[in-house]
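In the part that follows, the structures are each spelled out as structure tokens.
Next come two complexes built around chain A: one with chain B, the other with chain C.
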Partner chain A sequence: MTDTDDLSPFKDRVFKRSLYFFFFLLFLLLILTVISLGSGHLSLSPGDIWQTVTGSGTEAHQLLLFQFRLPRIILAVLVGIGMATAGALFQGVTQNGLADPGIIGIHTGSGFFVVLFLYLVSLSQDQPPWWANIGLPFVAFVGGITAAILIYVLAWKEGVTPIRLVLVGIGINAGFSAAILLVQLRMSESDFNRAIIWLSGSIWNASWATVLRLLPWILLFVPLALYKARILSVMQLGEEMAVGLGTAVEKERIKLLIIGVALSAASVSVAGGVAFVGLVAPHLARRLVGGKFQRMIPVSAVIGAILIVLSDSIARTVLAPSEIPVGLIVSVIGAPYFIYLLITIKE
Partner chain B sequence: MKKLVVSTLSLTLFLAACNGENTVDESENDTTEDTVTEENKETTDSESRVLTDGAGQDVDIPENPEAIIASYLEDYLLALDVIPAAQWSISDGEGVQYYLQDDLGDVPTIPYDLPYEAVMEFEPDFIMIRDQPEQDMIDQYNLIAPTYVLNASPTDWRETMREVGTVLDLEDESETVIEDYDARAQETASLVEEQADGESAAAIWMIDTSLFVVHPERSSGAVLYGDAGFEIPAVVDQLSDDADWAAVSLEEVAEMEVDHLFLISDDEESSLTEDRLWQNIPAVQNEAVYTFDSQSAWLYYGPIANEQVLDFIDGSLQ
Partner chain C sequence: MEQIRKNQLTKKDTQKRLMKRLSAPHPAALILTLSVLALGVLMVLSVSIGVSDIGWRTIIDSLFAFDETNTSHVILRDLRIPRILAASLVGAFLAVSGVIMQALTLNPLASPSIMGVTSGSAFMIAIAFAFYPESTYFQLIFWSFAGAALGAGMVFTIGSFSKRGLTPVKLALAGAAVSALLQSLSTIIALHFNVARDISFWFAGGVAGVRMESVRLVSIIALGGLLAAFALSRSLTIMGLGEEMAKGLGIRIGWIKFISTLIVLILTGAAVSIAGTVGYIGLIIPHITKKVMGMDYRWVIPSSAVFGAGLLVIADIAARTINQPYETPVGALTAMIGVPFFLVLARKEGRG
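And now, the complex of A and B:
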């Protein structure tokens, strides 16, 4: 996992290869996006899309494309970027290939706070205040941080071993799931159903409003993550070496975790509990471009986006017009990979 | 009764006022805009009314909407002779409201959670929903067609009926539906008085070995006790919390000592009915257990469902 050659990523041949992979994946994402735009319950031919994009399509097609499908695909891309980057950060900071915020309970922590928040808002007879929706990512963030602190405190035993962290995380995950259920049982039937769909991971009610809610978080924290990627790479050399190279390890670790929680929580607040993206995307990225985070994070972000766009296309076409929560599709892909990793990881 | 008369009167007055306004509008249009094309005239004619809905939004209600999506409100629409563009369904169109299929048989199905593209497919010009979804979703539906979220409580079918009537500009018709229903209920009430005066009844829903009893003021419970006039067993009164159908044990059912048992069950045989406790229920001993399948109207709300329940009661007593 740790290659000890020159730390500067911008000169070597591997860099060129990474760049090549990055653009190839970006191209793939673009193609998927176009296919996804055309697929769904109502059919749109490539010709229709072209006409609509150039402004000569019918009003119905414009509505379908620009108000329903486009925001949804953009949201899928953003959620994929957010969750994959968060996963890469978590795996890097904990030096643990299994540390996906979706598996170790960061997502459910966020989810619990969001569900609780929605429940409390629904208790008051008035209309929900205007800031209720904008506040969701913040509420999710507080929940994610709470879960992260809980996991770290409980897993701490003269340091945190990877397996211990995952086991405690899975426990925390179960605990928060139970707490969510407790809140849900107090909800009215319709709220309950909505919470279920939301928690299993769904972006079917995407709109430009949801996109705008998530976008600032991605625009702020993904560049931050990239900026910190070098430090993350240094940290992979081991704590002593990192300190020797002038890194304030504990401080940086906390900063990186906060960035990771922010990205995963903001994604969860709009898309619900989509697990495994934060696990699978960084792993695939590492396979393609190696373990250096300066290269690995961008590639893993694009892979995350591809994963969600692809899963969402499947989610809304297989049983159309009914929809499957996108989180289930991602899990179908991700769970076997997780088990495979559990089997192959030695320590 | 007095209240009803007064409200009907004020409603009629209100309607009359509205009509007056409309005619004024039309004549104005005619004089000032002689050159308007047929199309333009149509749009000015269908100038919409504005009502505040359950989500606190002012909704422009189109006049004479032709393609209405009002999922799970089909009962009320049909009572007003309005055929919706699509009907509620679950499991990919497999599960529908069977008790309405005489009227809804030809109406295509739409998934219960109203995915945007499924809604778009029907090109509705008006959408009515009951469950209050997130504002984001209402905004999206509004892009497709004006969307009205009902104010009325889902457990009060009369209130719902009136609101649906008001929204669709069919107030008089909705009052007629309620009056007709009350008149029809009176027939059953006299039958009950004649055949089972002072006797108690309960509607029990049996799923495998679980039992549920209807809330005395909701769904078919409101019909059974409020309209038909059966006595409410003490146990039912105590159980009634916030569910339409509350879970009960066999012991509690036995404790009810009901004279008439309306059993909603899809199983021919159940181990429960072999139980001594069950055998000792007065209704069982007097052969006053009437079985219906779970697709029948007992589990639903609305004037049509209720009327079918009245028919069931009549049929059972005769």
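And now, the complex of A and C:
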């Protein structure tokens, strides 16, 4: 058996186990979704939900479910998938378990461009034009790429070490946060408050329009990430080995980073700065199904979705009736996990 | 002969000789005097600049012949002067606690904001606002001290559990994680208890609207901390040569470390309780000061206090004038200066 055979996801013993895990997690996500649909300021029983879905529920329930709860939960799932996949890609490319796009400044880079964009648009027109919302993911993408390039260039010193990358990323993150604050202060009071809530990471204003804004990005880039997963696995063998197996490492690295930035930027453009998902989900996935990216990426995507749906339910219920931005809950869960990784990491 | 003579030296003598060798290559006293003068000029300048420009005469009059009916006099007494005093005090406190932290941990990235000390303070202030809204300013200071201890304690605990201790990189990461956690918790508390507006001020950082009573209170507490820091400066210098050496020279390391940590907590807690989380001064100033003044902390500590005060007074002038008549948060401005500085250090440090 050669090395390439070994990298195929379908020929080894763990494959079956991975499949079980995947479907188990999917099932868990489904249950959570139903619970989350029912919980909130107005709670619905699973029976109510079933009746409403099959079309025999009350009109009020239908409105609540289809216009408010459902888009919100679908958005949560999509954001979770996008951020977790992006995190897995970043961890793979930088070969650094701590490289979460939310920590190294990709998210704040996107956030800065979005805030700047919103500010400039609000200056020129009273009513945001139709293209402003569609354009947001693209603006976020440009911001994310800018941050990624900045990090890469500044961390470059005869090559890039993973540690320096993260350290420079933390600096970039702080810089963009300060820049966001400076732009925010020039905004009007109402825009300012909206920006704060958006930046802490929230999916309050979810609607079918927001779902449709994010969906194409997920549908395009997640399959691309899966398609590239094999190369990512090869790259983990070390640069020389990867080159020996016929991989153009530097080129692939850049492609993978672009996919990762696209996924995280699109998610940020609808959900704001939710950190730590891209860190926690791939780690847990690796624990469950091992380090091969062909198996690890789908599992971490489902875990990411679970994480956001769960956090969103907590955010809605724990201090009800006041809602907490979901990003804060994710941070409260994710930061201790990050610290745990930091303590156990071998370096 | 030389050998014998060396053996005969007492520990005190050796310490003295060492200190002499370590003293600054530059005319340190001259630089320090000049910078104190410069700080004085800056502060007076700062008094006159603002939304309403006030002439020199009025400033002098308001100090020596205060007239309650004169608006300019009232502005100066109640707004400008407390504010500028606060800026210089906070700058000095943060810079000195940065110096001490770097000296203790031998870690060039150690500083109050990076180590989560400031977000710890802000977190406790959020709790105080939410649960004890009646707290007086005096009580808030103590909440702030407790919070500083909480943040620093968390980061150090992480350090002591992790395998190779707190390397510069781990310190920065642990600080970032602890800050993220504490800030999220503070924001949750703030949103739930409807005190977000009061607390956002502490996160943005600034010295606008500082009252004279608070300045007085904090300065009494923290000037004690500064004096204690000056008293320790000699021991810190010797510890900078390595713990073994310091132990051999009769420095009680555990004791010194304990006192210095206490000083850091008091200085940082006091700074946050007046001005919120103003970052990076404790990172930038110690490095610059050590470049200029050498490694003798007897010079480094007082000069960093003066430099830190100067930097924050300048930043505060900028905060008032950049976007008139609105205030720009000082924290954002110091971050704009501090981040490039941090990046340079990160490039140097991230060898691993």
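A few comments on the model shown:
Keep this in mind: the second predicted complex is superposed on the first by the 340 of 347 C-alpha atoms of A that agree within 3 Å, B and C clash if a C-alpha of one lies under 4 Å from a C-alpha of the other, contacts with A are read in each partner's own complex, and residues count from 1 in each chain.
We take it that a contact is a pair of C-beta atoms (placed from the backbone, for glycine too) under 8 Å apart; a residue touches a chain by one contact, two chains touch by 3 or more.
All values reported here derive from a predicted model rather than from experimental measurement.
The superposition on chain A brings chain B into a clash with chain C. Once chain A of one complex is fitted onto chain A of the other, the partner contacts of A:Q67 are limited to chain B, with no touch recorded for chain C.
By the touch criterion defined above, A:N133 reaches chain B but does not reach chain C.
Legend: residue contacts after superposition of the two complexes on their common chain; A:R17 is shown touching neither chain B nor chain C. When the shared chain is aligned, chain B and chain C each come close enough to touch A:S322.
Applying the stated contact rule after C-alpha superposition, one finds that A:K255 touches neither chain B nor chain C. Between chain B and chain C, more residues of chain A are touched by C. After overlaying the two complexes on the shared chain, residue contacts for A:R230 are found with neither chain B nor chain C.
Where the contact sets of chain A with chain B and with chain C meet, they give residues 319, 322. Chain contact summary for the complex, chain B toward chain A: residues 55-56, 92, 110-111, 113, 115-118, 120-121, 123, 131-137, 139-140, 143-144.
Across the complex, chain C is touched by residues 98, 103, 154-155, 157, 161, 163-168, 170-175, 177-179, 181-182, 185-186, 196, 200, 275-276, 319, 322, 324-325, 327-329, 331-332, 335-336, 338-339, 342-347 of chain A. Here chain A touches chain B in the complex through residues 40-42, 60, 63-64, 67-68, 127-128, 133, 190, 193-194, 197, 204-205, 207, 209-210, 316, 319-323, going by the rule given at the top. In the complex of the two chains, the chain C residues touching chain A come out as 158, 161-164, 167-170, 172-174, 176-178, 180-181, 183-185, 187-188, 191-192, 200, 204, 279, 323, 326, 328-329, 331-333, 335-336, 338-340, 342-343, 346-347, 349-352.
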